[in-house]
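Which chain is which? They are A, B, C and D, in the order written, and residues in each are numbered from 1.
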Amino acid sequence: MFSDKSIAVTDEKLVIPEMKYNIEKVPETDRVTQFLKIFAALLKETNYGSALELYTKVSAKCAKCTTSCHVFQATKDVKDIPCYRSELLLSVYRRYFSLEGSIYARIFGGFELTEEHITQMQHSFWNCTACRKCVLECPSGIDHGMLTHIARYILAEMGLTPRALVISTREQLQGETGNTSAIPLIALKDSLEFLEEELKEATGEDIKFPLDVEGADYIFFAPVSDYLMEAETLMGIAAVLHAAGVSWTIGTKYFDAINYGLFYSDLVLGRVLRKMQEETQRLKAKKVLIGECGHATRSATFLKTYWQGEGCPEIVNILQLTHQLLREGRIKLDPTKITERVTYHDPCNLARQNWIVEQPREIIRAFCKDFVEMTPNKTENYCCGGGGGTVSIDEIRKYRTTISGRKKAEQIRKTEAHYVIAPCANCKKQIRETMEDNNVDGELVGLHDLILKAIVINK
Amino acid sequence: MKAILTDITKCIGCTQCVSACKVINKLPPDKPREWQKNDGLSARNWTSVLFKDEYYVRKQCRHCIEPACAAACPVGALHKTDFGAVIYDSNKCLGCRYCMMACPYGIPRYDWDSAVPYVRKCIMCYENINNGVIDQPACTKACPTGATIFGEREDLLIEARKRIKNEPDKYLDTIYGEKEAGGTNVLYLTSKDCPLDFLFYYNNRIEKGVKLLGEPAFNQPYPPLTKKAMNSVPFAFVGMGAVMSGLYWIVKRRQKLEKENKGAEDGKNQ
Amino acid sequence: MERINKFKLVLWIILGIALAAGITRFIFGLGATTNLSDTTPWGFWIGFDVMGGVALAAGGFVIAAFNYIFGRKEFHSISRAAILTAFLGYVAVVIGLLFDLGLPWNIWHMIIFWNPHSPLFEVGWCVMLYLTVLFLEFMPVVLERFPNLHLLSKIHKVLTKIRIPLVVLGIMLSTLHQSSLGSLFLTMPYRLHPLWWSPILPVIFFVSAICLGLMMVIVENMTSSYLYKREFEENILGKLSRIAVYLLLFYLVLRFGDIIIRGAGIFLFQASWGTYLFWLELALTVFIPLIIFIIPKLRKQPNFLYLGALSGVFGIVLNRLNVGGLTHLTNLTKSGSFYFPSWLELSISAGVVSLAMLAFFYFIENYSVWDEKPKDIDSEPLTVPKFNTNYVYLGPTKTANRVKFSFAFVIAFGLAFALISGKHIYSKGFDKTPVYKARGGDTLLIDGNRNGYGVMFPHKFHGDSIKIACGKCHHLNKPKDKNTQCFECHNDMYLTGDAFRHDWHTSAQGANLNCFECHKHNVNKGEEFRGNMAAITKLCLKCHNDLFPADVKVKILKTYVTLSYTDAMHKLCINCHKERLAADSLLRKSKPGLALCSNCHPKPAQYSAEHKLFTKQNVNKWVVVPPRLK
Amino acid sequence: MEDLLNFAKGPLFRFSFAVMLLGLLRLFVLSLINGFEAKKKAPDKSIPKGYVRKLTWGYLFPIRAFRTKPIYSLVSIIFHIGFILTPLLLYSHALLFSESIGFSWMGISLSKPVADNLALITIFAGIILLLLRLTSKITRSISRKQDYLWLLLLVVPFITGYVCSAVVTEPATYKTFLTIHVLSGDFIFIFMPFTKIAHCILLPLSQWVTARSWKFVPEAGENIEKILGKEGQKL
């Protein structure tokens, strides 16, 4: 009678693949004390305590978050309810770090932190893609995304991080190449030369990727995987910047925008951003330009926080810049080029807080005839399913595409679009795999891939 | 100055004066409280009748000629009028209750149960008489036996002496209020069986009849007790200032000299 | 948990209790919260908060005098703390005074309405001015923190320049009001116990204030040093104690000289409460400190030094309490009610002191009151304690304190607020004494004499044969209740009541009405409920068509407030009975003395003594006097 | 029974009311201080104001709530309205306050029929909420004990109050129900600041605090390493 219709997904029997990722090193035995110690250190040094203190008081357990969680809607497993997952951490906080909770525990007993609880957290918090869609629904105002963030930080300090993430960050911070995909500089230069040739073929123009130009307006950081997998996006960006005559550059010492710190560790976040700062200061760039990537853009905004010294530059996403250039009339797009149906996927990190929502749509409307929206869209768009760094864990691809990405696949299928635009490196990889595994027709592109096709470059 | 003379021997204890007082001053009904002194006076009863040794003694404000309460009040909320009454200005009052402490008869009462309390006591129907509503206080007017009467103080003193003279066996040869505490505007005549010393704090003394040095005499008014101290205030103030400045000057000079000496010695040594 | 934090927790709990008491005092007035009475209008708040507080703060001017005027620079290191103590002490005095004053919002009246003859007026002015001076003396410590702000640093410069004049002014003002607090009591020679009242009371107060100032500095310094685990200035405190010896000896001579010259020596060796208090006070003030301070062996031990100074502080505060209220003759003799402060009074005073202490700690922790700030306050070491399963970590000390203190504060407030008895507030000092019901038709049993025995009353006969209208006796009949008794309306023996039973009319067992079925709705729209009750209220007859018999003459009452049972008996019943007696022969036969006072009051003077109302006083018996019996 | 009722109306009521009022105030102030401290610690002071404001207003006028789970939202909103208005605006409660604490709001009160009906509606809303919680597997799985207890505890005073006001006439039963009514009310007050009902005062702050908490402290990461003794270690 009172069953919840909104969460019903048309579904036969669903086989849930095991969500199991590889851990770099197994932590020592007494994980409980270790967990609490790290938690305490975290509360002491960071700002999360104020939010946790509030959440433990207001959490009402109404289950409204279930209506917005794509993972839960696919699995129907109570362990995937955002509120259930948050309670895993909140109960620890309530028991060991809040006055009322500890008094209650002393009188009535109750929750105690155990090894099993930690194991449960270890799995649960990596199931969450930290898309923060549930925040919009929660009547208590709990940011489940933040709780995931905190819990992952603690787990990371214990060493319970997926190996894939650790390897890439290690390469980025301590490796020789200094980027997550371990591309040597020579390879980068090679591929850029190749891209320049490609561009010449496509547009007939001599479009350069300027390397190490001091004093440029923009220093460009792309998610490094783009150089390997999404070259067309880079070409599109180069074309746009060239057409508009923007002075920009790519640093050779550090050129990676990816920052997995946002997903599991503030420490890593800060260290990566320091590298970004060093490069920006070396080339004396006026602004920081981030390529098509959600988490990279959001983590780059924290440059303001981690910038040492005065004069933090403005951080601009390429979508914002292209939109601005389009408005100013500095680039022209041919409205007749793209005739296929197009749909747009909002990366969570860009759209959730109503940050970059309208700009890409205006750009698309300028040169695509048949643009359809997904439902829901804009700030409430579903996550691709690979958020929170899970996209880079290859051993759980099955889980990602069939469970996390299920909702997205349906959404895309409903639009019947040919082109699915996802201006985010993570989303691109995830959606492409999802479409493959779920047999969804269509082609996944970045926004600038399409722009490259439609851009008109006047001499 | 107007005054009230109460003849204890004539009082029949009908408490008509109490009712009349309540009516004219629009006082609400009284309920006995823990904090009342239990002599019948309260913030809502400005006069009362005590039952003492087969006699009835009416109690009310004595309207001293030199009232201690008026001298004590820091803001002058209480003051003595030429009419004879000691009246109270509730707009000035700040509720320090020093008047209640200072009164040698323990008369002023307080609105203890109110969040906005005032000091309450008999004001000899001052305002009503001034406005011409009545020609004498309600209590004297209401008295059926003429035990309490109103008039000029001199006239009443003459009347009192006359009564004592006429019936020396009946009356005690004292007019209460003529001299005590510098004289009051409420006078009492009493029977020989019933001396009224108990109305005065003087008689609360543990050792009766002991007169200590410095204590005021029976008929001495109270305000001068503090006046002496108050008069010396400016001298103390200026004197202390002068002494302190002088000391400071001397000490500083001495230090300076010491320094110079030291400097000179140092110079020599060098 | 550190010492200081534990101590602060206690202070916060006290503060919570005090807040509850303070709120009650401002809602319900002084009578509900204090044990003050018309006999003892001044009590603990004047004695401790004001007089004690001012005396406790004397350390400020004494140390300032030694440091700046007498050139004893060795006291410099404790002068800031002493001045801070004085400043906070005076602030506490003013806050305490706000509770004690009946009309605290009129406290500024002293500025515009002058009565220069009043010692209290002088005290008030001096305290105000001295508070300002202390504020200016202490300001530099606060301003030091902001050397970059131009305006503030300018003020700082000016203040340091005029420091010496300020100190001199402070000493002058202190001299005045420390002594004037004694002058307050000059006007009540027969109120105070002869061992305390003296024409030189101002001088005694001044000298004792200086003694107290010195000892208070010792106590304050050692206490705060203990709490912050800091080395205290043993040297300086030793010097202070040696100065205190001379002053205490002077005080002793002054006190006994005064008593003996006045001839009050006979009171010294009586067996009475007042004398005991005197010897206790002197022992605490003079004897214990003198013994400790004179013997070097004792003086050099911190524990004994502390004990001596503390004893002196308690002694002189006890002196102020004694003068302020405890030894008033109305309190010591049987002429009045005995005054001892209620727990609400004590808690408010304690709360004010706690507030001052917390402020003191705040300044110590945040400003350079001492030469060096207490350690471990600014920065926490980068460690987290070892966790076991019982451990609870509430964040850095500051955060944890905040959480704990506020929690303790709230709980203490709640408990104190609950414990403030409703009885004290609502009975207005009196227990309710219900009157028993006696219903009947033809014949009623009336406990007319209120002696526990019923009196037969031929009720029907009165209606049928004598044909008195019911309303004559039952001035307000209840609906369908033709034999309403006196007690129905006069339902309390001594308290006024409500003739219209609102509670019955609204209750579910009764008429189950809501307010607006009788009162017009526009009472909501701003019309005063009390202002014009008749205009907005429905008449009883609108609902009760058969309220009165047709032939009855009804006395219409203007108010529903009824007199107490006793009052009503005297005014209404007795008159009625008298009339009936005159007319009726039957009653005259059965109860000839029905209208006589002696029926109810057989022995007027003794009757009162038995009764609860009059149990408390023994002297000054006051009774409601009936007309003289034959 | 009489004594218990008097205790519940007197001391216990005063205690519970004081704890409720000051306790909630304490939570609010503590959260505010926490928020401002977070602001002080983080170098980046900006927050997405429009987003925070939009979500915060959403709590007071929860129109958005109807899009997902409309039945639940409607019932819950009705329950909240009834729960706030009925006890607050009943004349008897104003009377209780004036007798026990010394202030009240006698001037504004609901008429009896309105209050009765509102109480009935609230009771039904509460029961429906309980049923919703019990029948759905999802809510059942995430509910703690207090989630059921609260619903029951909140509904009890309404039921007993309604019974007292409109059903019983027999004095003994009336007294019993009234005692339960007052006692349950007291317990609600006492537990309010320490359980999830604190949301009544904390909700307006939650978005602001969240936004403040998202601001990182730059030194935090390194300091945590130091605390944990992992300084200088490689990843």
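One rule holds in what follows: contacts are C-beta pairs under 8 Å (C-beta built on N, C-alpha and C of every residue); 3 or more make two chains touch, one makes a residue touch a chain.
All values derive from a computational prediction rather than experimental measurement.
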Which of A-D and C-D has more C-beta pairs touching across its chains: A-D
Chain centre separation (chain A, chain B; CA means) in Å: 86
Gap in Å, rounded to a whole number, between the CA centres of chain D and chain C: 36
For chain B paired with chain D, centre-to-centre distance based on mean C-alpha positions, whole Å: 58
For chain B, residues contacting two or more additional chains: none
Numbers and ranges of chain D residues touching at least 2 other chains: 30, 34, 37, 223, 227
Multi-partner residues of chain A (each touching 2 or more other chains): 37, 41, 44, 49, 100
Set of all touching chain pairs, with the criterion as stated earlier: A-C, A-D, B-C, C-D
Chain D to chain C touching residues, read off their complex: 10-12, 14-19, 22-23, 26, 29-30, 33-34, 37, 91-92, 99-103, 106-109, 111-113, 164-171, 174, 193, 223, 226-227
Interfacial residue positions of chain C with respect to chain D in the complex: 20, 24, 27-28, 382-384, 399, 402-403, 406-407, 409-411, 413-415, 417-420, 422, 425-426, 506, 508-509, 513-516, 523-524, 529
Complex contact set, residues of chain D against chain A: 27, 30-31, 34-35, 37-38, 41-44, 48, 50-51, 55-56, 59, 62, 65, 68-69, 71-72, 76, 131-132, 135-139, 141-144, 147, 194-196, 198-199, 202-203, 205-207, 209-210, 212-225, 227-228, 234-235
Residue ranges of chain B touching chain C (in the complex, touch as defined): 12-15, 29, 31-42, 48-51, 56, 68, 71-77, 92-98, 100-102, 104, 106, 109-118, 198, 201-202, 204-207, 210, 212-216, 222-223, 225-230, 233, 236-237, 240-241, 244-245, 247-248, 251-252, 254-255
Chain C residues touching chain B - in the complex, by the definition given at the top: 26-32, 35-39, 41-42, 65, 68-71, 100-104, 106-107, 109-110, 113-122, 124, 164, 168-169, 171-172, 175-176, 179-180, 183-184, 186-191, 193-194, 197-199, 202, 261-264, 266-267, 270, 272, 274, 329-330, 332-333, 335-337, 428-430, 494-496, 563-564, 567, 605, 613-614, 616-617, 620-625, 627-628
